[in-house]
Amino acid sequence: MELVTRVNIPSVVRVKPGALDRLGLYLRRSGHSPAVLLSSQGLVPEYLERAERSLAEHGIERLETVEVAEASFEFASSLFTRLPGKAAAVVGLGGGKALDVAKYVAFLARRPYYATPTSLSNDGFCSPQSSLTIAGRRRSLAAALPHAVVLDLDVCGQAPRPLWLSGIGDLVCKLTAIFDWKLAFRRQGLPVNDFAALLSDATVYQFLAQPSFDREGARLLGTALMLNGVAMEICGSSRPASGSEHLISHALDGISKRPRLHGLQVGVATYLVSLLQENQSERIGRVLDETGFWEAVRSDPFSLAEWRQAIRLAPAIKEDFFTILSEPGALDEAERLLTADPRLRACFAD
Amino acid sequence: MELVTRVNIPSVVRVKPGALDRLGLYLRRSGHSPAVLLSSQGLVPEYLERAERSLAEHGIERLETVEVAEASFEFASSLFTRLPGKAAAVVGLGGGKALDVAKYVAFLARRPYYATPTSLSNDGFCSPQSSLTIAGRRRSLAAALPHAVVLDLDVCGQAPRPLWLSGIGDLVCKLTAIFDWKLAFRRQGLPVNDFAALLSDATVYQFLAQPSFDREGARLLGTALMLNGVAMEICGSSRPASGSEHLISHALDGISKRPRLHGLQVGVATYLVSLLQENQSERIGRVLDETGFWEAVRSDPFSLAEWRQAIRLAPAIKEDFFTILSEPGALDEAERLLTADPRLRACFAD
Amino acid sequence: MELVTRVNIPSVVRVKPGALDRLGLYLRRSGHSPAVLLSSQGLVPEYLERAERSLAEHGIERLETVEVAEASFEFASSLFTRLPGKAAAVVGLGGGKALDVAKYVAFLARRPYYATPTSLSNDGFCSPQSSLTIAGRRRSLAAALPHAVVLDLDVCGQAPRPLWLSGIGDLVCKLTAIFDWKLAFRRQGLPVNDFAALLSDATVYQFLAQPSFDREGARLLGTALMLNGVAMEICGSSRPASGSEHLISHALDGISKRPRLHGLQVGVATYLVSLLQENQSERIGRVLDETGFWEAVRSDPFSLAEWRQAIRLAPAIKEDFFTILSEPGALDEAERLLTADPRLRACFAD
Amino acid sequence: MELVTRVNIPSVVRVKPGALDRLGLYLRRSGHSPAVLLSSQGLVPEYLERAERSLAEHGIERLETVEVAEASFEFASSLFTRLPGKAAAVVGLGGGKALDVAKYVAFLARRPYYATPTSLSNDGFCSPQSSLTIAGRRRSLAAALPHAVVLDLDVCGQAPRPLWLSGIGDLVCKLTAIFDWKLAFRRQGLPVNDFAALLSDATVYQFLAQPSFDREGARLLGTALMLNGVAMEICGSSRPASGSEHLISHALDGISKRPRLHGLQVGVATYLVSLLQENQSERIGRVLDETGFWEAVRSDPFSLAEWRQAIRLAPAIKEDFFTILSEPGALDEAERLLTADPRLRACFAD
């Protein structure tokens, strides 16, 4: 009887300069007091102070501030089991780990979750999963979209350049992820949710049209990553955000002596698989040129041997997950490109 | 108790070349037979044939094909009252009028509605309202988002150039509409739904980044207009899609001897109010340059007197609707710009 | 991806003595001002005064009070087309006709609808349809559940006895309607929504367990009829509330010189078809004994000839609607029972 | 913009004799294969065999059958972390513990949960919480309503009498719980959701009207308990199902040497607090008479000392939870009634 489809989005979205200092206001408007604050280990101290001050100024009782050093299911569970019953909201502040843990604690407690990222290094701040380890092994666990996304454009705009570039890597990958999704449809009939695919796709271009490392750039990149998280929620799968390029990055995480930032790995892998896909490689390459992405990668190059191994492992990382890497000859060609393509060649040390 | 917000989107979205010939397939997958088809007066006969053939090929009984000449509440009501009880779906095929009527008939009958636009001249094919006259006066009536959007990229790609340009006009206006929305917040506290505003905003850039009049252009423009319709649904208002530039266009509709295509009026008004807003005028102007928009307008210029009058009438077109035109001196300045700005000057005959 | 099913219920439900005098309070809490009031022709003047006074006392501007004499689509449409744009809510006060019209106007305008019944003569005050005529022919039109049900137990408790009895007739019929639904499943595979069927069924017993014509009786009968309306919404069909007994009543409406109250017709028909179904006839008969239902019917008896004709017409009243009357020999047996069963025999004058 | 309120209900409800043997059919219809089965320790072996056979017959792969001996968060978490990624559904079969654990595992995994109770001893089979211990202490953890309720009337109808009586105890308590809810509104302004209260209330009477220990009794009791779980989901609190009588039972759980079945404790406490509330005590007492409830309690009497202590502890069991026990003098009076009321007196051994 439903004539349309209903999907979830965050109830509160505030994307603006100074949003961090209004955090308490946003909780107060929703009557979410008292709250628990989970922040990243190593967070810029000023950001934590501003968040705490804003809560105090708006009369939001803070039950506790927990520093999150480890993104594990075990840690998140233990936080949940000792969460005070009267906690009315969970606030995550900082980078990926703190946000993944805070999101999961809030999910277990069925409490509203406020995502307050301090950088835009990946799309996790507004996705419906938490990336947590279980018994040391990284898993993507079902959780819920945040109740609120509080994205301070000045704070994120001042994030270190490598975090920006990681976010850009996690953005351009949508182009190859969607290609893989459609390929999986043609080869195996996997249904494609056109709405999610179009939304995900749309998000890429707005930032690519005018990449910059300032307030406006943060607004466009932040919006793009957020809408991408919503696209995943809409189709109930990570397909619009994650394809063969993520398989390679996941494989690297498992075997690298020193894994790099998620989005740096993903960005390089995106360019690589775009060549296999014959899919917008020039556009992707050029954006990575213009934003200084390649330069950053080359300043701390990858291990060629590890990438070769990762390419071989990638197709089996997820069960039943068809991508360009499942095509005959794709792995050999991918390996060849690592040294044959000039942009890629310069990314490797050995 | 709701931790997130739930919003409606179309259940089926098919944006691809040849989608028209698969229309019957989409209805069959959802078990929507029999169906009623409402098509535009003057529709390219081949399109109607292809739609009917597709329904037939996939075993969808067609109860009737109704040609829609008039987008009025009275006509839509009368179609509704004689809609056969067994009609399981309503299909709208063609341009704005047919789609507005079909959407409304489906809304009254609480039946799934399939929007099959043959051009992208405005954002009505996927909005939650129908633009219909009541007793001869145009009104925007609450309806529902389509159940399905079937957008054939080849069909829309081959639409006459003026229809394309009208769609572009109805796209760039989002930039001024959102400015007006935020202005109304600052001046009168009207709440802005950041998610809807960001979504609406995001939609503009993807097409502007690479405007073209082909399949790919149709895909980007169609996606942008569709997401914009969804943004309106999300915030429950037309604010993300319609600001002062629409007020001027509505005023023109009321007084012009010969109103032009909706998006042509809106596009010129968008550029005009962007000057008042000091908001991205150069970007807007340049896109209209590059796409041949100005040229098209100049080939059949507007009446300066009518525009002067429309500007004066615009602020009162909607009750309680604050825009840049509500600011002191704005009307005088707007009128001055009609002849002072070179791009605008060339749009008027007298 | 949805693990559970989402269904609509009214947002506000107030079932208590004196609720009528708090009507304005309920609108104010939701910020629903100004409002339009639609009331029944012939309504007890005191009730209208109390409603208007309550609105005034709580600062709800009343744009207009419209007296509803006719429950037609044409009348509802015309009210809709002249509804002021600023009307924030539609209030229906009185009996079935006013409530059906108010519900439909609110549906067209997509405005919140407040149902304020002054009697419990049928289940229409909280159902998702409006019973309206189109070109003089009665139809059940899709609408929406009320936003608010405001049921004053003292007002409804003091309603004339025939209206109470009509409500009881429209309640006991759920027993035969659900039997017919399950029969249609066994014979034709029509899906039964067990949740809706159980909910509908549950509603009957609470009133039958202690029927009375007072506050408490109004509470139980009102709750039962309301939950029944929700059951219809849940399954998207009238099946949990309407079976063969309603077919007979609809047929009577079409042919009777002087149709009686809906629930009086339905109650007698329910007992009749329960005999055909061999389904709880004694329980139904006894409740109608105890509540004085039969007595009321006998004081103004039906025409035997009309009932005979109605039974013959009933199976064809709705397309594709299998009931006990579709079984071989059922019509003959039904006709025989009219005079063979002692309770029934006494209901007819000739 | 939402004119009505949306609430969750189970997507599949099958309440009928032989439903257990159709379990596999229900999973197959939804495409839920493979599945994991969690069953109660000590379950009648035949029931497990029938469930497994039904899954096999309908082609549902069973990944594992886990016997649940302990309803703890720790155990549920560990099951979740080793749940195979391809598990498409979680089936809970048996009594409270297995169902609570299965519900929670499904919630963590965001997989559809099939509740297949083999008795009706409490309302947990269709509630949105799981009652689990954390570090040995019982907690009510937020989870989700079941996707499916598969209630075999013959299986539940043949459950041991004490389980039936426990379910009856957990049903009559709704009368006192709702009284306490309304009292908390009058005393402290706690909002009452009238719809949830009426739904909860309605569920009691249908079984009380004709209590029996057979198929029909199981249908009425099962429906009542299920609708009660839905009432909790609707208002987002346990208030419609749990008041002062549950506080006493929870206190007993903490201090008793040998806690009895949940519903036996709750039933006695319900009668006790109904006397304090002066609320339908005779009706409650009589139903417990007629069903043999008192007799069962007396066959294994409670400790008077424990009850005295439990009454004193009860008001502090939940923070901010006003009930009749919060009224001045209530505890003394409750204690007095334990020995002064003849029905109660007979329930205690010392």
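Just so it is clear, A, B, C and D label the chains in written order, and each chain counts residues from 1 on its own.
Criterion: contacts are C-beta pairs under 8 Å (C-beta built on N, C-alpha and C of every residue); 3 or more make two chains touch, one makes a residue touch a chain.
A quick map from chain label to UniProt name: A, B, C, D = Glycerol-1-phosphate dehydrogenase [NAD(P)+].
Owing to the predicted nature of the structure, the values given are computational and were not obtained by experimental measurement.
Undergrad: Going by the touch criterion at the top, tell me which pair is linked by more C-beta contacts: C-D or B-C.
TA: Between B-C and C-D, contacts are more numerous in C-D.
Undergrad: Looking at C-alpha means, what's the farthest chain from subunit A?
TA: Relative to subunit A, the chain whose C-alpha centre sits farthest away is C.
Undergrad: Could you grab the centroid distance between subunit A and subunit C? Build each centroid from C-alpha atoms only and quote it in angstrom.
TA: 53
Undergrad: If you average the CA atoms of subunit B and of subunit C, how many Å lie between those two points?
TA: One centre to the other, that is 41 Å.
Undergrad: Let me have the rounded angstrom distance from the C-alpha centre of subunit C over to the C-alpha centre of subunit D, please.
TA: Measuring from centre to centre gives 34 Å for this pair.
Undergrad: Going through subunit A residue by residue, note those that touch at least 2 other chains and give them in order.
TA: Each of 6, 110 in subunit A touches at least two other chains.
Undergrad: Residues of subunit D touching subunit A in their complex?
TA: For this pair, the touching residues of subunit D are 73, 77, 81, 85-86, 108-110, 134-135, 141-142, 319.
Undergrad: Can you list the subunit A residues touching subunit B in their complex?
TA: Those in contact with subunit B are residues 2-15, 106, 110-113, 144-147, 193-195, 198-199, 201-206, 208-210, 220, 223-224, 226-227, 234.
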